[in-house]
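Heads up, the next two complexes both have chain A, just with different partners, chain B and then chain C.
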Partner chain A sequence: MTITKQLYLPPFTFSVTTDIPLVAANLQRLYAHAPQAESLLVDYPLRLERGAGLRRLFKPQARFFADTQEPFQPLQLQQGYAMLEWGMNWCIAAHEMQYVIIHSAVLAKGDKAILFPAPPGSGKSTLTAYLAFNGWRLLSDEMALILPFSNKVQPFVRPICLKNRSIALAKSWFPTGVFSSIATDTHKGDVVHLSPPAASWQGALQQAEIVAVVFPSYQADTNLDIYSLDQTQAFMQLARNAFNFGVIGQEGFATLTAIIEQVPAFEVQYNDLTAVAAFLEQEVLADAR
Partner chain B sequence: MRASQLLLQLFRQPELALTLSADSWVQLIRLLRQQQQLARYAYLFRQAGVFTQLPQYARHHLRNAEIIADKQYRQVSAEAAELTQLLAPLQVKPVFLKGAAYALQQGLPAGIGRTFSDLDILVPKEKITAVEQRLSVFGFLPEPVSAYDQHYYRKWTHEIPPLRHHSRGTILDIHHNLIPPISGRAPDIRRFWQQLNLTADGYQVLSLPAMTLHSLIHLFFNEDFKKGFRDLTDLHLLFAGFSEQDWEQLLQLAEQTGFMFELMLACRYTSYLLATPIPAWVMQQTEQYQPSKLRLRLLDFIFLRLLSPQHTLLNTYLDQLAALLALIRGHWLKMPPQILFGHLSVKAFCAVRDALFGKHQFSPKRPG
Partner chain C sequence: MALPVLKAQTLFHSFADGSGTVFFDPDTGETLALEWNATTLQAVLSGLCEVKLDPQTLNQLRAFGSWPDSMRLDEQHDDN
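Let's turn to the complex of A and B:
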């Protein structure tokens, strides 16, 4: 059976059509609290389909289409839902040029937001999940959408992508959390998506002001080390994590430079999430005007 | 009205965009995106002075595409500079073709908002191996293609398999002619080498009439019309900049190289679908090359459909039939029967194999 679900994920609207029951079930559960809209103009019509032919029976495949485009090679059927989430990211990264987009988590208390840009493997998503379930508002797990020439960040609330060992951790920390089925053996290893708490979904339309940039780096043997970064270091690291920096050019450069000039930047090496949260709340947010 | 008809009408009269409801933009944007025409329409709407009054939804998507196209417009001259410089020691000055050539000529309407996925250059056939070798040293490496495709390109076509820049990802198609020699219709390429222009920045391109002839040959020798509408709008924009003298040169070159039939098709369908202003004497002269009534009706059936904006999800059975006929026609034009038979056998085998085992299982992969 094929179902179509409209997803209003401000600032964008997707429609997802799928004939894969696992994908449909995950979608229903993880986006149950997504905002409702009066009238929807779909920005990105997506499809997630079972591969055709004998492959339907033997090692079945999932294929992702953004309208008529197929940007990825097929994956195993059990990875279909993760593929959809990555496909949604791809749509935004490939088409949206009116935000400065950074590969970064964004979390806020009230309207004060911190960017957590980081490469895969830095423990960013584990930190994101921890904060989101401990009083912070998740604006985004993967992509920070910054309004050009400002330090305002637009929420793009979506499930958090957890990998490998952090899956079991997260499941033990948040026993009531809404987790997707596990996609095993992907290019990132095993992955699971975790729906953020209702409060984050409710804030999906509420922009926030960037007050700090924190580069997280999980180190098994370090409790908590904090390094203050100078502006050049911070800018370079931020630019390295920018998706569309090369395309939007001057606008992106001016925006990132202004942010770095205005807000403090830290690198945080940690193995203790409680200590990181305490530092963020007691030092970073307290100092933010 | 079908969305595809509506887009044709908007091309002719962009100001009609102001009469559309927000809802109708959803399908239009979808069609334009598939046709890679978002940025070109953004340009049309701006020229007509209506862009800023469009609904937010439309402006959002048009503006996104415009930003991407602008970036490509800026970037193409950097790529052209590098290629020209890399090939200079071989005494080869490449001729930039198609999308890149339009964009390299500052202010040429066909270049504004025209996106392209690869860079096409023309070099002398006897230099092509040297060109390929030298470029590979500087990071343009062959894309993985199957052994059959490798053989097909090298033996029968007018180009070598595409190269890809290892870090920038630029795809480069190197041509020695404009259509496959195996078709028996490949022009004496020297005639085109006599029709060169330099852009303001010193890059080599074909003269406006020769560039236009290449554009229309390319369109009507195709077997796949997924980008047919884009190519038709290219022709419109190129024709729109023609002087009387350009028309004379175009007719002369088409005559000399044997492409009057294709020129007739180009004039017929641009004027019919896009209301392109074509001088009456040109229409008359090309109409002499019309085939019999029956054949013309068949061609109209195919091209009036396939050169209108297509979207796989909106296509009717008749559109699919037209696409099939075009596929057959395109192959027929490109290859004599005995070779076509072999080619289709291989492709049919691959299609059956993919249907059974899933797509991409056997596609050659990039290392690493």
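Let's turn to the complex of A and C:
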């Protein structure tokens, strides 16, 4: 059976059509609290389909289509839901040039947001999940959508992508959390998506002001070390995590330099999430008020 | 001779904390950071002869952006 689900994920609307029951079931569960669509206009019509031919009998595959494009090679069928989430990321990173897009988590208290730009393996998503389920509002786990020539960030609320050892940790921390099925042996290892708390979904239309940039780096042997970055270091690290900086040119450069001029930047090495949360609340947010 | 290229081809910004200047080539998306504060940047851009670029900085600038093969960046010192 083929189903179509419309997802209003401000500021974008997706429609997902799939004949893969696992994908349909995960979509229904993880996006149960997403905002209701305000319009029938769809920005990205997506399809997740079972591969055709003999292969579907002995080694079934999932194929991702964005409108008429098929940007990725097929993956194992059990990886189909993860493929959909990554495909949605690709749609935005490849097409939405009206924002300065940073590979970064974004979390806020009220309308004060902190960017957490980081490469894979830095523990960004584990930290994101911890904060989102401990009083912070998730704006994004994966990409910061910054309005050009401003320090405003647009929420793009989606499930949090957890990998490998962080999966078991998150399941023990949040036993009532809504987790996707596990996708094993992906290029990122084992992957699970976690639906954000209802409060984050409810804030999906509420932009926030960037008040700090924190580069997280999980270090197994470090409780908490905090380094204040000078503005040049902070800019270069931020630029390295920018998706479309090189494409949009002057807008991106002016926006990022202005943000770095206005807000403090830190590198945080940690293995203690509670200590990070305390630093963010008592030092970073307190100074921003 | 190189200064017009630097000015025409790149965007740059000196940070208020004096930690450095960043350059951005809009054609390639490349970014370069140098330890130039605003005063040094201004001196370089205005072609003041007392500003000397060390070899490492010269190499970094040469590798950055689309410089014509015929153009030697350190010519600015000879010209000024």
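In this section, the second predicted complex is superposed on the first by the 287 of 289 C-alpha atoms of A that agree within 3 Å, B and C clash if a C-alpha of one lies under 4 Å from a C-alpha of the other, contacts with A are read in each partner's own complex, and residues count from 1 in each chain.
Rule of thumb we're sticking to: a contact is a pair of C-beta atoms (placed from the backbone, for glycine too) under 8 Å apart; a residue touches a chain by one contact, two chains touch by 3 or more.
Note that the structure is a prediction, hence the values are computed from the model and not measured.
Look at A:170: by the touch rule set out above, it reaches neither chain B nor chain C. When the shared chain is aligned, chain B and chain C each come close enough to touch A:247. If you count the residues of chain A touched by chain B and by chain C, you find the higher number for B.
In the superposed model, A:260 lies in contact with chain C only, and not with chain B. Contacts of A:157 after superposition on the shared chain: neither chain B nor chain C is touched. Contacts of A:92 after superposition on the shared chain: neither chain B nor chain C is touched.
Comparing which residues of chain A touch chain B with which touch chain C, the overlap comprises 246-247, 249.
Across the complex, chain C is touched by residues 230-233, 235-236, 239, 245-247, 249-250, 253-254, 257, 260-261 of chain A. Chain C meets chain A in the complex at residues 11, 13, 15-17, 19-22, 24, 26, 28-31, 33, 35. For chain A in complex with chain B, the touching residues are 41-43, 45, 51-55, 61, 63, 67-69, 73-74, 95-98, 246-249.
On the chain B side of its complex with chain A, the touching residues are 22-23, 25-26, 30, 33-34, 57, 60-61, 63-65, 67-68, 71, 74, 311-313, 354-360, 363.
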